[in-house]
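Take a look at the structures below.
Okay, so chain A shows up in both of these, paired with chain B first and chain C after.
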Partner chain A sequence: MPSTDRRRFLSSAVLGGTAVAGATALGSLAPETAFAAPRIDLDPGARDPNFAEGRITAISGSLLKVSGSDKALHRVYVTHGTSVWKLRPTTFDEIKVGDGLYARGVKMPDGALAADAVWVNIVNLDAAITAIDSGRLHLDHHGNKVVGHVVTGTTAAVYNHTPAISDLSGLQVGKHVKVIGAWRPDTNEVDIATVYAGI
Partner chain B sequence: MLEWPASVQPLFIGGTLLWSGGLKCLGRSARRSAERSALPSLVGEGRALFAYRLTGALELALAAVLLLPPAYAAEAVAAVVLGVGFLGYLTYAKVAAPDSSCGCLSKRRTPVTWRSFARAGLVTAAALLGTQADAWWAGGLGAGTAVLLVAEVAALLALSPEADGLWLLPLRRLRIRMRHPLADRSFEMPLESSLQQLLASPAYRQVSPLLRSGLRETWDEEDTRILCYTAEYEGTAATAVFAVPLRHYLPEEVRVALVDESSESTLLVGV
Partner chain C sequence: MGCSNSGAPAYGEMSWFCCGAAWGPCGSAGGGACGTCNSSSHQCAWPNASDACFNITRPDQCGEGLARRTCGHVFYVTSQCSGSCVSVSIADCGPDTNSFCGERTCCGSACASNRLIDLTPSAYSAIASLSTGLSPVRIDS
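Take a look at the complex of A and B:
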């Protein structure tokens, strides 16, 4: 299905106009459903089998080879059902060798992780604003300088837990902020997705 | 010619050494500052605090002889030696332990930068000038020397990252109050805002146990923003499609449908 037709179909499904085929009540309440759910046996301190993290060393087809920060080697499959975040929801072809990654999914029998969700280069910084100029926040993160780039149309600010807005004029030099963003690999620069601040 | 500016240099250097030596000897966070500095890699972990305190004691002793009469040329020479030694230490720190803090004039963590070198250079230059003095500094005080001292202290503060909070940040704050470079009057609705609304909605609560992925895809449809997730419904993969009001915060009006994209059929329409 071409992507515009697909989007039109998905929109009409939620906005009305399509008949519901074989709709049932939400889920089943039968006890066998609960017993059929896959069991997760985790020893305390054991590695979570359904999670992978590290730097991407190679990409072949839809398979990502990932070298973990604890030296563990992971193989991560990205399917058409996998969500990919890289500053914003995006697609598999935006993932590059050298990017950092967190992936959550289901461990397959061959040891690879079939990813449900992949977050690329995501960072969460608590920092102080040392300067603001057009398009950039200069941040002090525990004594290290970090440059935060404002991406027009993407960067949002949340002040005092109120709904996010695109106006960043509430940010002040000297105040502490929390920044969720995408790291530019091997630099001290991040593109800002959301900045949380108090006023 | 150089006598009158030279005569007050012991006061400037003595004051600076009192500040830095006092902090090293009496500062409550001296241990942490010593550990963060380049000293552990220079003299070893165990001796870092001792070396830090010893440097502070030397600085205080030198400050005392510089500030108190009588004035000897040897005092200024010792200050030059200390200044050159400190420049050498900074070079070592920059090369051997680039992540370390200079640990010089405050408990704040401040990496070694060009400002650290410029500041040490300023103190060393003042000490060099001080070797030309031939009498105790109190005799040379006057309007000219006062202006010189103020200028030197201003230069010292300007080169100290520790003092940025006193003048640099207020200056930047003032500039931003006049015109904020990141003001955005476009009223574009950021994605984060729609996500906040989605998470607060009854529709999301209803199907959230079925969701498997993070946000996969989003686009705007007139006054509605469509958000798609991968879900698992009765053993099959489905797409959860949410419709969130774009311009209003009305979480109870968020709608959801579960769709099987392979057969183009709608499996469930929520609230």
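Take a look at the complex of A and C:
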């Protein structure tokens, strides 16, 4: 099924209240499928109606109630066709009240978003390494201290286009890095998914 | 002009950044150099948005001759991975190109070097997964 048709199907399935059963047969949307959609014709600079961000205030069935950072309220449906990321690709049951979220999907007539993808607590930090100790990177992120936790089996390093590897020994204090990770809500700590560093 | 339609495109890495009202470590990001930046809008940061910006990012030190483009200028950014395109307007200064000179990102056989543009989460997620962090792109004016 073409990706656009899949997305329409998810939307209609949610509207019909059969999202979970209906979407299961199709499998989840892989990122390469979700982002192979046609060009989005939206005025540059305009707010994207098919995107939501904020903190999760309630979870009701497959519905996430989200309070946007700009005070907007969002309702986001997660179906079995939604790709969920929280430090790694994961499942709906890992999503908790209080988590931060970015979601992309299809806006339905009632204003809710049928999500193609949700990224939970994801952060993208450009930072300098100020210290390294056992299992942690201490980071300066635009003048703010952030502690990055190494997660065994998950955290990987990419040294200038090398394949991602678990060996972090190439990281150096004083060097700039980019960190993709998952924020620990209401702290200055993140779990590190990938750290990109020069060599 | 539109996606993949200009005579002198730039090829490089894109990443994403948050701005405006936000949660987590992004909470202090603010409205960016142009004062209008918002994570939910299709916007970008450009390394040569002003003299002051250029003196920080210094893409020339990585061999990148990027044109001066100021707040509100529109780019068309095409993912070399998905082929999808999004239009974005400049709302901030960045990325810090010279901190990562020579860095290279590939998607199959399509590769690009040097960080040339950062997109807001809404724009980046329209053409790539946020979890990728870096992606090779073509940039048209």
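Annotations
The rule is short, and it goes like this: the second predicted complex is superposed on the first by the 153 of 199 C-alpha atoms of A that agree within 3 Å, B and C clash if a C-alpha of one lies under 4 Å from a C-alpha of the other, contacts with A are read in each partner's own complex, and residues count from 1 in each chain.
The criterion applied here is as follows: contacts are C-beta pairs under 8 Å (C-beta built on N, C-alpha and C of every residue); 3 or more make two chains touch, one makes a residue touch a chain.
Just so you know, these numbers come straight off a predicted model, no measurement behind them.
In the overlay built on the shared chain, the residue A:Ala193 is in contact with chain B and with chain C.
By the touch criterion defined above, A:Trp85 lies against chain B and chain C together after alignment on the C-alpha atoms of chain A.
By the touch criterion stated above, A:His142 is placed in contact with chain B and with chain C alike. In the superposition on chain A, A:Val120 makes contact with neither chain B nor chain C. Touch criterion not met for A:Ala112: it reaches neither chain B nor chain C.
Contacts of A:Arg55 after superposition on the shared chain: chain C is touched, whereas chain B is not.
Of the two partner chains, chain B is the only one that A:Ile165 touches; chain C does not reach it.
In the superposition on chain A, A:Val66 contacts neither chain B nor chain C. Overlap of the chain B and chain C interfaces on chain A comprises residues 83, 85, 89, 117, 119, 142, 144, 193-194. Against chain A, in their complex, chain C makes its touches with residues 3, 15-18, 20-26, 28, 36, 38-43, 72, 74-75, 79, 81-89, 91, 95-96, 99-106, 111, 121-123, 125-134. Contact residues on chain B toward chain A in their complex (touch as defined above): 101, 108-111, 164-165, 169, 172-173, 176, 180-193, 196-197, 206-207, 209-210, 212-219, 221, 224, 226, 228-230, 234, 237, 239, 241-243, 249, 255-257, 259, 261, 264-269.
Chain A contributes residues 31-32, 34-40, 42-48, 51-55, 68-71, 83, 85, 89, 100, 102, 104, 117, 119, 121-126, 141-142, 144, 146, 160-161, 176, 178, 180, 183, 185, 188, 190, 193-194, 196, 198 to its touches with chain C in the complex. Those residues of chain A whose C-beta lies close enough to touch chain B in the complex are 1, 6-7, 9-11, 13-15, 18-24, 26-28, 81-85, 88-89, 116-117, 119, 130-135, 137, 142-144, 150, 152-156, 158, 163-169, 171-174, 193-194.
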